[in-house]
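Take a look at the structures listed below.
Both of the next two complexes hold chain A, though its partner changes from chain B to chain C.
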Partner chain A sequence: MMGQHSILTVNNLNIVVSTPHGVTQTVNDVSFELEAGKVFGLVGESGSGKTMTCMSLLNLLPDEAKVVEGSIKFRNKDILNCSTEDVRKVRGSEIAMIMQNPMTAFNPVRNIGCHFIETLRTHLHINKHQAREMAMAYLEKMDLPYPENLLKQYPFQLSGGMLQRVMIAITMSLNPSILIADEPTTALDATNQLQILKQLDRLRNEYNTGILLVSHDLGVIAQMADEVAVMYGGYIVEKASVLKLFNRPKHPYTRALLQSRLGLTRRKEKSVKRVSVSHRNLINRETACPFIERCGDADHTCANNRLELKEYEKDHLVRCVKLQ
Partner chain B sequence: MSWFIVKRVTSLLPILFGISLITFILLHLTPGDPAAAYLRASHIPPTDEAVATLRAELGLDKPLYIQYVNWLIKVVQLDLGISYVSKNSVWEEIMLHFFPTVQLAFASCIFIIVISLPIGMISAIYRGKWIDQFSRIIAFVSVSMPAFWLGFLLIYFLSVKLDLFPVLGRGTFAHLVLPSLTLAFPYIGTYMRLLRTSTLENLNEPFVVYARARGLRERRIVSRHVLKKSLLPVLTGLGMSLGNMLSGAVIVETVFAWPGMGSLFITSILNRDYPMIQGCLLFMGAIFVVCNLLVDLTYAFLDPRIRWEGGKK
Partner chain C sequence: MLKNVKRKLLSHKLIMISSLIIFFMTLLALFAPFLAPNDPNLVDITHKLQGSSSKFPLGTDHLGRCIWSRLIYGIRTSLGTAFLVMGLTMIISIPIGIYAGFRGGWVDYLFMRICDILMAFPSLLLSLALIGILGPGLGNLILAMVLVQWIFYARVIRGMVLSVKKQNFILAAEVCGTPTLVIVIKHILPTIISQVVVLAFMDIGGIILAISGLSFLGLGIQPPGAEWGMMINDSKPFFRTHPSLMLYPGMMILIVVIAFNLFGEALRDVLDLRKE
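Up next, the complex of A and B:
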C-alpha cells in the first residue's frame, strides 16, 4: 500500500473550522497517498470534509479553517510549512485544481484568453504571443472548436461543459503531476459529464497525472478510480481498491451508500435508516463513531471505543469497532 | 459596441424632452410674475400698465403651451434667452460659469479616486487590521462633517495659519486645491466604504480561489481580477456624484467665492431671473443625463456582459 511512487502523501490531517457557534472538527485523521497515473476517489456526502481536504492540499483553506495536525508532503516538500511563494509556485504547475462549478470559477469580466495566458505566463517564461499559441494548441486538444475565437470570448458566453474543458486545457498545458478534481461533473449534464471524464482519463494516460477525484456520484467513482476512500463526518471510514470496495463493502455506511444506488432491476428504493441509539446521552462525542446515530448495527461499544482505521484485510482499511 | 452607443444616445432624447417640459412647468407654477421680476431687475417700478406691456412684449400673455413651444424651438437652437439682470445671453453666462465648475469637479474627482480607491482596497485586503479601523474613522468623519465647516477649517489652518494656499477666488492651480478637497471630502468616505464592501464580496468569489489555485501572484489577483470587478458599483455612484458636482456645489462655491454654476444658479434664483433659472435647470439636467450616459459606457467597457446584451439585436 505504501507505494514507492507516491507523489503526494497526506498524513493524519486534522482541520478545524471556527464558526459563530464554536469550533468544529471538519477533517479528522485523514491519510492517503496519490500516485502518478492513478486516480484516487474520495466519496462522501455534503459536509463530510471532502472539499476542505482538497483545499488544504494547495494550502488554500479559507480564513476560518485551520490545519491543526498532520502533514501534507509533495515530493519531500512540506506544503503546510513552506513559504507562501513556494506554495504559489506549486499551485497550477505541480498541483492543479479543477473547480466544482465552472460557471463561477472564471472572472466574468475577463475573457478566456486572459485566464489562460496569465496562467501560462505565471509559470513559464514565455511572451504573450507564445502563450497565445500554446493556449490555442491545448484548447484544440480538448476538442474545443475555433480556439482563436474562444480566447476572445467571456465566460458567460460558454456553456458549463465548455468552461470545464477550458479548465482542463489550462491544467494540461502546465503538465502538473497532481490534479485535484473537486466534483468536476456535479454541475454538468450527463453528456458533458461523460466528455469531462474522458478528458480526465486522457490526462491520466497521456500525461501520467495522479488525480484526486472527489465526487458523491458513485457511478463516476466506479468508472474512474483505482482506489477509493469513503468519508463520513470528517473521517475516512473505509479505504480500499475500487473492486474491493464496490464488491465487498465492509463499513455500514459504505454498504448503505451502495445500496442507495438506483438499480435497473430493483423496484423498492432502500435508503439509509435513521436509527436512534438508546442511551443517547451516553455517547462520548470524543471517541464515538460519527456514524453511530444512523447505523443499524450500533450499540454501546460504538459509543465508547476509540476509533481507528484498521486493516480489515490486505489493502482494505475500515474504521468500525464492530469489524475489528 | 458602436451599436450600444447609438442605442444609449437615442434613448437620451425623450429624457431631455421630459426635463425641458418639467422645468418649464415647474417654473410657471411657482408664485411671482416674471414680467414684474424683470421690471424690478431693471429698476423700473412695476405698475400694472408697464407689466401688461412687458407681458405682451415677452410673449407671456399667450397660452402656456405656445410659450413652451416657442421656448423649446429656441432651446433647440441653443438660444436660452436673455438674462433679466445682466441682459447677456443666458447660454454665454452659463458657459462662463460652467468652466470653473468643471475644473472644480474634475479636481475633486481626482482627489476622490486617488484617496478613496487605495484606502478602500487596502482596508478590504487587511480587513480588521488597524488600517481598516483607521479607514472606518476617516469614512465616518468624512460623511458627517458639513462642507462649510470643513471649508472654513481648511482656510483657517492651511491658508491663514500656514499660508500654504490662497484663501479665496480662482486663478492659479493652488486656488483649486482647497475648494476641490472640500468638495471631495464627503464623497471620499462613501467611496472608500463602497469599494471596501464590493472588494470583500469579490475576494470570496470562487474565481479568486481558482485564480489562487492556478498559482497567480496575489498582487495580480487583486489588481487584475478583483479590482476591475469591484469598481463597477463604485463607478455608478461616481458618475452620479460627478453630475452632482458639475451642476454646481453651491456651498463650497460660496465659501471659497468660486465663480461656478452653483453661485450663478443661486444668484439667479434670488433675483428671480427666470430665463437664467430655466436655462440653468435645463443645463444641469442635461449634464446629469450625459454623466449617466458616460457611466453606462464605462460600465459596458468594464463589464462585457452589458456590452453583449446591448450588442445583440
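Up next, the complex of A and C:
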C-alpha cells in the first residue's frame, strides 16, 4: 500500500486489560496506517476497543491496560518505547486529540484563556501576550464570536458546541500532523455537529492533517472518512475505502450495522436482520470468531479457524472465514 | 465569579459576625502591648485575687497578675500557635497528599498503610505521647500537633486528588502534552484548594481547643507565659471562691472556637461552587 506517505503506522496492536474478573483482550491484532490529509474512520459499538486504540496512540492507556504486542510508529519514532518526556512532547504538538465530551474536558475553575495559553506555552517558546494574540486569532478562525471575551469566560458559560470548537482551535493552533477525534460529535446536537465536521474538514484541507475519526455515527463516517475500519470485539473485522465499505459490505457485522441505519426513505422492511444482543465473553476467549454468537451465518467452521484479516479484493480486507 | 463570591460573603450574616470576631481578636493580639494595661507576667502578690478595678479591668489572679492583659496576650499564643500548626500541617500534607494521590501505585499503598496505623490511635492521645517523649514546651507542642495532624489532611487531600485525577479535563490536559508538574499546580491544586482551606478553617477551632487542653495538662506553654488553658488550670484551686478566674479564659476559648467554626462552615457554603 501507500506506506511511504503514512505518518502513523499501527501494527498488530494487542491490548489487554486486567479486571477483577480476569484479563480481557480488549484490542486484538489492530493494524492501520494514517496518511497526511486523509481521514481514517474507526467504527464500532461500545466496548469494541476504539477508545483503547486511540489512547494507546498517545501512550495514555489507563493503569489497568497494557499493550502486550505490536508497535505504533509515528514518523519512525516508536511511541510505545519512547521515554515519557519524548511522548509528552509529541502529545498536542504532533498528535493531538479531541475529546469525546467537551463539557468535561475543561477545568471548571480555570477560564478558557488559561487552558489555551497553557497549551500554547507548553509547546512553543512564546510569552503570555503572544500566546493570547495567537489564541484570539485561532478562536476567530473557528468562527467563535468575541474571542477576547471568550478567553475570560469559564467553561460552564459556554455551550458544548462552542467548547468543542475551542478545543479544535487549541489543537489547530499547534498544527499537529495527526488529529485523533474520539467521537467528536457524540455529545452535540445536529447543528453543532455539522459545524464541527466542517471545521475538521478545513483542518484536513488547510493543514494537511491526518485525522483518525472515531465514531459510531455512520453518517459522520460516510461524509468524512476516506478509509474505514469496522471494529468488533477488539478486532478490525473489515477495512476498506469508504465507498466500498458502504456499497459492498462483506462482513456480516458490517452488513448488519449498515442495515441498522435509519434512512429518510426507508420503507417498512420485514427482512431487517436484527443482531441479537448478548454479552460476549471477552475473558479467556478462544480462537473463535468474536461475532460467532450473534452472526446469522455462523456454523462450525467459524469456531475452529484462526481468524486473519485477509484481502478480499484489492484494499478491501475482511476477517471472516466464510469469505476466504 | 469573584464578584459573586464577594457579594455572597457580604450578604452572609454568619460570615460577617464570625469574621468580625476573628478580626477583632487579631487586632487585640497584634496591638496587645498597647492595649494591655499591665505586664501580663508581672507577679505582685500584694494584689492577688482582686476584683475588677480601674487598674485591673477583670481583676487579678492568685499571683496578682492582670487577667485582662493575660487574656489579650493569650490570644497571641492561641491564634499564633494554631495558625502555625495549621500552616506547617498544610506545607507537609499538601505535597504528600497530592503525590500519593496522583502517583498512585506502591507509593500510595505505603502511604495509606502508614495512615491506617497512625489513625488507629486517637489524635490527642498520640500528641500526648509525643509530647511525653519530647518533653513539654511550646515548640514540642507544635511539633507533636503537626506530626499528628498532617496524616489526616494528607489523607483527605489524597482522596480529593483521586477524584479530580479521574476527571476528563486532566486527561485533556495530558493529551495536550502538558507536563505533569503543570497539571498538578494549575489543574489539581486550584480545584481542591478551596475545599482544603475550608477544612483547615473548620479545624482551627479544634486546634485551639487541643492547644488549650494540652496546656491545661501542663504540657504546652510553660509558666510564666500566658495561655488560656494554663490560666484555667492555674485557677483550679480558687474555683469555689473566685469562679471568674476560670470563667474568663473559658469564655475566650468558647468565643474564638465558635467564631472559627462558624467562619469555616459559612466559608464552605459560600465557596461551594457545585451548589450553583
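As a working rule, the second predicted complex is superposed on the first by the 304 of 324 C-alpha atoms of A that agree within 3 Å, B and C clash if a C-alpha of one lies under 4 Å from a C-alpha of the other, contacts with A are read in each partner's own complex, and residues count from 1 in each chain.
The working rule: a contact is a pair of C-beta atoms (placed from the backbone, for glycine too) under 8 Å apart; a residue touches a chain by one contact, two chains touch by 3 or more.
These figures come from a predicted structure and were not determined experimentally.
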item	value
Fit or clash between chain C and chain B when superposed on chain A	clash
First (chain B), second (chain C), both or neither touched by A:Lys141	neither
First, second, both or neither for A:Val90, with chain B first and chain C second	both
Which superposed partner A:Tyr154 touches (first chain B, second chain C, both, neither)	both
Listed stretches 2-10, 20-28 or 56-64 of chain B, narrowed to the one that overlaps chain C	2-10
Contact residues of chain A, present in both the chain B and the chain C interface	58, 60, 88-93, 96-97, 99, 101, 104-110, 114, 118-119, 122-123, 154, 170
Residue numbers on chain C that touch chain A, as the complex places them	1, 104-105, 167-169, 171-179, 182, 186-187, 190-191, 273
Chain C-facing residues of chain A, complex	58, 60, 63, 88-93, 96-97, 99, 101, 104-110, 114, 118-119, 122-123, 154, 167, 170-171
Touching residues (chain side chain A, partner chain B) in the complex	55, 58, 60, 88-93, 96-97, 99-101, 104-111, 114-115, 118-119, 122-123, 154, 156-157, 170
Contact set on chain B toward chain A in their complex	205-207, 209-218, 220, 224-225, 228-229, 232, 302-305, 308
